[in-house]
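These are the structures, in structure tokens.
Okay, so subunit A shows up in both of these, paired with subunit B first and subunit C after.
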Partner chain A sequence: MIRILTLLVALCFDAPAAAERIVATGDLGVVIERATGSVLIIDQSEMATVARVEGFGDLSHASVVFSPDQRFAYVFGRDGGLTKLDLTTQSIANRVIQSGNAIGGAISDDGRLVAVSNYDPGGVRIFDADTLELVADLPTEAKTIGLVDAPGRKFVFSTWDTGETWIADLSAELPQVTRIENVGINPYDALITGDGRRYIVGLFGEDGLTAFDLWADEIKPTRILENYGKGDEALPVYKMPHLEGWALAGDRFVLPAVGHHEVLWIDAQSLEEVGRTKTHGQPIFAVARPDGRHVWVNYAHPDNDTVEVIDTLSGEVIRTLKPGPAVLHMEFTPRGHRLWLSVRDGNRIEIYDTGTFEKLGEIPADTPSGIFFTARAHKSGL
Partner chain B sequence: MIRILTLLVALCFDAPAAAERIVATGDLGVVIERATGSVLIIDQSEMATVARVEGFGDLSHASVVFSPDQRFAYVFGRDGGLTKLDLTTQSIANRVIQSGNAIGGAISDDGRLVAVSNYDPGGVRIFDADTLELVADLPTEAKTIGLVDAPGRKFVFSTWDTGETWIADLSAELPQVTRIENVGINPYDALITGDGRRYIVGLFGEDGLTAFDLWADEIKPTRILENYGKGDEALPVYKMPHLEGWALAGDRFVLPAVGHHEVLWIDAQSLEEVGRTKTHGQPIFAVARPDGRHVWVNYAHPDNDTVEVIDTLSGEVIRTLKPGPAVLHMEFTPRGHRLWLSVRDGNRIEIYDTGTFEKLGEIPADTPSGIFFTARAHKSGL
Partner chain C sequence: MARRIALVLALLATPAAAAEIGPQKAAVLERLVVQDCGSCHGLTLKGGLGHAIHPEKMQHYDRETLADIILDGVPGTAMPPWRALLTENEALWIADYLRAGGLQ
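Showing the complex of A and B:
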């Protein structure tokens, strides 16, 4: 009897915790703590930390995608670690070391497949999102970059060493790969437009970018923005801009210039340059508020204490903020009423009202870098 | 001892249920059962019903918005009922009868305010999203229609009887209302573009539409598409199309014609007509797949057993489906890989693969009408 009672008591101690475990996941997010290999689970609405979870390995260049139900975050570490974090239990559900050195990943539109881009040994590996078992291995004999998902259970990526773009279609039993050569010298990053139509590759080895129309019957590379790049007379390039930072604002993309104190405005249909705005430093991310009315820009060292806000109608800088040392990343709430940014060397997250530019709060974090909200689960190509 | 044990056993019977209650809400949704005043909670990923919840009153023209954490659905009934449904406990959390006759609602960008559009007594009432307590009452002495949220804690709506558009700014303590007269004769519906910039009003009493640029310093009505409407030689109009159905596909909107077997293609920037596609019937909803590649269209009686899919590049109908009697509503999964549609008189929901057009499954439902997925929480103007 006592044994049964003890068992019952033990069970019952768990009951209140379980009853508390109603976790609606729509306004959660994660913050990468790069130096400590840990992740903060945060609540956007409460502007608070829910939990710190440790054991993610090397997060020095980490990124995150989410399952469609927004229960799980897949954290891609630099050391080849792929870690599945359960936001509802606030614990690691699974973890595999899938390569020696990796650089980001993507999740298929149906949420069933997680793909990882590898430097060592190169190639892309694709895993079952439930079990993290290997589903497909796409060796490239080159470092892969710019891995994105595309509609129809596809992944698109490019190769640094060999200048190729691969389109992998996982909708059938065996992957169908379309391999396109001569994309340009040393692709270093890429993006897919929010509608999944255009894949655009940035080149480290030459000026200009390479664009693909993925809706075309025959998919072929087209060179765009011939003057985009380091050029001859550019300033020293402290850090190549992130192309995922391409922001669609109305009918124009906003693009960080390479090695210049400028952002470029690009017509979204013709992909031609239509204007420039002078900025405080060399831009890293230019991120449009979800309504496209403003673009927030952060900068490379030594100007990385500053954030500027550009009005997309006038193209003018309308606000300058000085959050603190090493602003690495910015994330809008999905409907754009707030912006969260990481101040790495200040060991904090700051939260802003995007209407008044007032600082609403701060959250302590250990060398925070990327901030990722669960609403990303519902967008393509992130 | 026995009493304690009984209590413990009683508690423990709840424990497994509570432990099961980890409900990640990102891929849930609700289906309106219009004849029975009930709502199905569904799971997109599982293609299954999670629960049926009853007691919502008259749902003959119901719509739904979601809290930012995707835990709560706010169901707007025809009888003035505003019901807050908890998706995690699958029960009604709160319910108020806030008017005698209502026609839809909206939730502010910060998720704090829920607004309802009323026919009787007219006007718009705004409620605290937590408590459903009245926060602001905006009497108009007219029926209100076309209520939408806009960035910056704003709501926009129009008046049927008096032809006005009101912009209510709830960002300060007291609502600030901008009231614009002479919008046109009998506004019957309106929409806001996904970026929150343009508010477009459909007119029952005359041809053409009225558009507002909400980003302008001085917000004023502009008449667009002068030939859009019933005209003189049109077919009998069985049902005015839903303007929320305006679909942005690339750089064009797709718009159901009034009283014609056509959809219209509208340049998203100039708002001028750039083409038409002949369709099977009088279109009700023209809904773009999230990537904008295809538009799915359903029709008014007597053609409401049919759905057509239009390719947005060619403008051609590429597929005709016959789901069954009275297809009322269509909803894409947020990344577009599936479409759910309601077949009212077939008492079922059907689910399609949007790549192959294959039917993947069916769910029984009692006279289903609207289908609403929780990903809507993260979009403006729905």
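Showing the complex of A and C:
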């Protein structure tokens, strides 16, 4: 009898508690499972999977941004799919196919607009973050790359085929577009610094990069690091590097060199090269730990089983890790105490202590690629 | 009729060429096509930074031409030469695979 009473009491208390289940999202994240069109919701403190959600379409080269309240993840698929994932209900809240072929997106500083970079038809489309209704269509007649958000409800992006950079200002009712030509041959990716001041475009067709000072009255392209590969024969590029690892490492940026086994160090003020580090392969991501003390680097095929850690002060490789076949992406916890990385062909995520470099755990995942923690919601350009 | 014979021959040639690659190697090559070619050409090969390379498009090329493109790349574009990583036989296997629509 007492037992039954206890059960009844438990039921009475449990029922309302379940209905008001509280899900805090600050240490959640998502992992892209690229071959199956699914997404894992993970808890980075627990080092565990919370849920798997399916139905995202073709997720090759997928990327994610988060709403300012860290409740929604916007997942950008290759097939033009823009999917709004609710992390609290672990289900798809909305989904549109907005183009035939897309390559990532961005969310405005106020969290109201989501922009998607498209290859086909080339251009950027901007959507209401709540409803996913089209707000603005900016056709470029070229494949767009390097789309980032900038302060003041702006988006900046560049074009692969035509070598242009566009700055779209969405702060007024009608979008104002500034179009800058002659940025360079075949821009392949771009980054914006955390302060929103500098937009730096990587060039595939030239030995160098192009930088913009977005604080200047007249915004114009400036070539930097011209001829950085001079004297060395460029190697075949089996995978385009990413420039997202903008995070300042001390007073320097670190960037992957295209077609060379090197990363380049750039002075954050003068934008001049201040050094380079020889690496194991062609770098794909060179990501600074949030405090800037170390930089972790992964590599293109066929060297993609390796990750190297470079000390920012000495510029030397201090650790070589061999996580397994096809390390695609790395994500630091917000304060940098751990790093998560995806081992695509090993079908797992590995988690490392960034102080001791010890492996702390593994999570199974089906051909995982991108890893994105909700802390990105509060950073420009991510 | 001659056309039909040519087609039959072509179909016969495909498995014969593919047979020169063992099943283990074939699995490695398939993964390479889907994942690594896919990073530019799209996981479903419908295109990305690189052109679409699904079977309909690939019918416009014979297998030797495709193998040459794979091995030597296309100068002036982002298509790299894969010769350092693939043998001619492997490139032909990939050419057959693309033309036959191995992903379907």
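Simple rule for what comes next: the second predicted complex is superposed on the first by the 355 of 382 C-alpha atoms of A that agree within 3 Å, B and C clash if a C-alpha of one lies under 4 Å from a C-alpha of the other, contacts with A are read in each partner's own complex, and residues count from 1 in each chain.
Simple rule for what comes next: a contact is a pair of C-beta atoms (placed from the backbone, for glycine too) under 8 Å apart; a residue touches a chain by one contact, two chains touch by 3 or more.
Please read all numbers here as calculations on a predicted model, not as lab measurements.
A.B. asks: Using the superposition on chain A described above, determine whether A:301 touches subunit B (first), subunit C (second), both, or neither.
C.D. replies: After superposing on A, A:301 lies in contact with subunit C but is clear of subunit B.
A.B. asks: Just subunit B (first), just subunit C (second), both, or neither: which does A:197 touch?
C.D. replies: The answer is first: A:197 touches subunit B but not subunit C.
A.B. asks: Counting residues of subunit A in contact, which comes out ahead: subunit B or subunit C?
C.D. replies: With both complexes superposed on chain A, more residues of subunit A are touched by B.
A.B. asks: For A:98, using the defined touch cut-off, is the partner it touches subunit B, subunit C, both, or neither? Pick first, second, both or neither.
C.D. replies: neither
A.B. asks: Once the structures are superposed on A, label A:215 by its partner contacts, choosing first (subunit B), second (subunit C), both or neither.
C.D. replies: first
A.B. asks: In the superposed arrangement, does A:109 touch subunit B (first), subunit C (second), both or neither?
C.D. replies: In the superposition, A:109 contacts subunit B only.
A.B. asks: Between subunit B (first) and subunit C (second), which does A:143 come into contact with in this model arrangement: first, second, both, or neither?
C.D. replies: second
A.B. asks: Could you say whether A:118 touches subunit B, subunit C, both of them, or neither, answering first, second, both or neither?
C.D. replies: In the superposition, A:118 contacts neither subunit B nor subunit C.
A.B. asks: So which bits of subunit A does subunit B touch that subunit C touches too?
C.D. replies: Comparing the two interfaces on subunit A, one with subunit B and one with subunit C, no residues are shared.
A.B. asks: For the complex, give me every residue of subunit A touching subunit C.
C.D. replies: 34-35, 58-61, 78-79, 101, 103, 119-120, 143, 145, 160, 186, 188, 204, 236-240, 301-302, 326, 344-345, 367
A.B. asks: What residues on subunit C touch subunit A, complex-wise?
C.D. replies: 31-32, 34-36, 38-40, 42-44, 46-49, 73, 78, 80-82, 84-85
A.B. asks: Could you please specify the touching residues of subunit B with respect to subunit A in the complex?
C.D. replies: 5, 8-9, 11-12, 14-15, 18-19, 21-28, 44-45, 66-72, 87-89, 109-111, 151-153, 171, 195-197, 215, 250-251, 268-269, 289-293, 313, 333-338, 355, 374-375, 377-380
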